[in-house]
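To keep things simple, chains are lettered A, B, C and D as they appear, and every chain counts its residues starting from 1.
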Amino acid sequence: MDSIKKLTELFAKFPTIGQRTAGRFVSYLIGQNKQEMDELIKAIQELKNNVKLCSFCFNPYEADGTLCSICQNVSRDKQLLCIVEKEADLASIENTKKYSGLYFILGGMVTLRKIDGSNLRITELKDRIANGKFTEIIIALNPTPEGKSTSLLIEREIKELSTLKPLTFRLTHLAQGLPVGGELEYADEETLESAFEGRK
Amino acid sequence: MDSIKKLTELFAKFPTIGQRTAGRFVSYLIGQNKQEMDELIKAIQELKNNVKLCSFCFNPYEADGTLCSICQNVSRDKQLLCIVEKEADLASIENTKKYSGLYFILGGMVTLRKIDGSNLRITELKDRIANGKFTEIIIALNPTPEGKSTSLLIEREIKELSTLKPLTFRLTHLAQGLPVGGELEYADEETLESAFEGRK
Amino acid sequence: MDSIKKLTELFAKFPTIGQRTAGRFVSYLIGQNKQEMDELIKAIQELKNNVKLCSFCFNPYEADGTLCSICQNVSRDKQLLCIVEKEADLASIENTKKYSGLYFILGGMVTLRKIDGSNLRITELKDRIANGKFTEIIIALNPTPEGKSTSLLIEREIKELSTLKPLTFRLTHLAQGLPVGGELEYADEETLESAFEGRK
Amino acid sequence: MDSIKKLTELFAKFPTIGQRTAGRFVSYLIGQNKQEMDELIKAIQELKNNVKLCSFCFNPYEADGTLCSICQNVSRDKQLLCIVEKEADLASIENTKKYSGLYFILGGMVTLRKIDGSNLRITELKDRIANGKFTEIIIALNPTPEGKSTSLLIEREIKELSTLKPLTFRLTHLAQGLPVGGELEYADEETLESAFEGRK
């Protein structure tokens, strides 16, 4: 296959990118000079060589050592653990600056094809919990069908741990309700229900 | 002014309708036969003549008596009061079938132009509360800036009542958080914050 | 049926309006005072009583006489006839101020259900053409499947006229091509084809 | 700068890509294994090494020789030249399968910052025309303000050629008008004007 087609095909696998935009990416690169293309190649190579996954939370990082900057940070609260699907969710939560505990990146969701969670880091999660001293574990998954199935699976797995030693933490979930700026009139029924049920 | 222009102008004041759609409404009516136009005229006339506002909650209704069907319903819980902005919000909440108390339609929101709430039914609300035996009053306003200002105003007014007699009800608000189907990655910061703060 | 439901149902038949917006219209009217509702009722009544269809082109109007203001206008070019589907299309063309001839409103399109054009003013159109002295007849229908089927039907019917007397006019169609502000890259194939075929 | 930031920055320069999507691209790559990253690196390297611009029309290609597959194709009509802004436009026109002549990629548009066309291949275009035997030259630029300014500039430059030798080709433009599926009622005024002016 020629390189234009090959590269278009690879770009079309990028998240949210279709065939047409992939083609525009290739056109864009063709319009760049050799030096600019080398810069891109080099950046991908360095990503490949330098980025590691944190040995505790699986967050990608590229410093020395085996822990990411959050897990290394002595001022973070080691008694809180927040379970997220992927690093983009971790980044969103960090942006709010309202959470100062640790994270654990699950690496995916239960899907119709992988209903047993074999694509998730369940074993590692149980290991972190068994060896930690958490007072609260927050399940911060999307309030989507996949997120809810995943949440149920995790809860079951975590509860199994209690057969080994008594669990001393609270297990919490993010609040569901009306989003900021939302309107009752246009809210879907289920959101309005959870806003009512969670009132306080 | 001729009737085409006049009617276009009146339709253009309907919510969400601009000049162009108003014009299409008039074209549509011109295309109707006389009998169909009479039917529309009659329906508006009956609306004008028959619809009353409930003497307790201000919900429009057209039965006999002075109370709407909700306020008349003996099986509704008279110890719960839910304050909403407008009847469309009441209808949304009724749709969820999760609330069985009474309502009070405030009739608007605090706006930048009417910052004192003089366009709202504050006096009537205080009267209902002073004469009721509520155990919970739910402020169910949109989590928008207007909704929050209105909420603050209502809370202050309600607390003033306590100088007359001790208040025995809880004052609650709908939960804010991630809407059903939402995603952490795309949630705005403030929504994610409230989802975190309201976790349980 | 009560008047709220009845009126909601009638508004939901308005073009582009669904059940929910129809409900908002009714709420809006309930919020109006009696005088404002009377104003709306009166405007619809006057529309019903005063608006006539032009005896030549079927454009709605409400002056004295049997012709609309365009057909009455002595400075319009009586040798040009522009066939449109509906008055909104006539209004769009008038807005461009580039056409100074007469119009004929066909009153609809060929549809899958009415494939014979029995819902259109074909007879009246043929009458206007047979009795006119046109040098050009412009078929100004939407370049949609319905518009194209309708166009074919009209052309066939117009050509039948030539068995009675020789036709002396040109039959033209609006140009198809790239819309102003459009982009080749995103144009659909058929539009780009017609832009190519119509190049000059 | 670390490689995550660096690569995010480079992806954010891709057409239509913002900071957030660029970040998702990087996350996606981190989730790939080394072999998949190598495949991407290799494809970009081959693009850099193999892709040339056609010595006649500037279309990128990667075969042997100095001409792209279109310019090499003996069955293409060498008397037709179609001037386009960029290869995506060429690809769109090829998709219609209605044009069998040659192309010339201008490499950009007149912009407010480059009003003199110094960023365009004007010299090369004049060279191709002076040395060709064209019967028609089609200016196939977007009907946008930039496209129209560019079109004017090209026409002026082409006409200058006639001081050297008599020009024997027609200079044409793509048709402007209603796009397929468009509606008169919603067409912008200028599009409707050109549909009227170009009627036939």
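Keep in mind that, in the parts below, contacts are C-beta pairs under 8 Å (C-beta built on N, C-alpha and C of every residue); 3 or more make two chains touch, one makes a residue touch a chain.
Worth saying up front: this structure is predicted, and the values here are computed from it rather than measured.
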item	value
Smallest count of steps, each to a touching chain, taking chain B to chain D	2
Greatest separation from chain D - chain, by CA centre	B
Chain centre separation in whole Å, for chain C relative to chain B (CA means)	40
Mean-CA-position distance for chain C and chain A (Å)	55
Residues of chain D whose C-beta touches two or more other chains	86, 88
Graph class of chain-chain contacts, one of line, ring, star, complete, other	ring
Which pairs of chains touch, using the document's own definition	A-B, A-D, B-C, C-D
Chain D residues within the chain C interface of the complex	84-86, 88-89, 92-93, 95-96, 98-99, 138, 140-144, 172-185, 187-200
Chain A contact footprint on chain D (complex, rising order)	2-4, 6-7, 10, 14-16, 21, 23-30, 34, 37-41, 43-48, 50-51, 60, 62, 86-88, 91
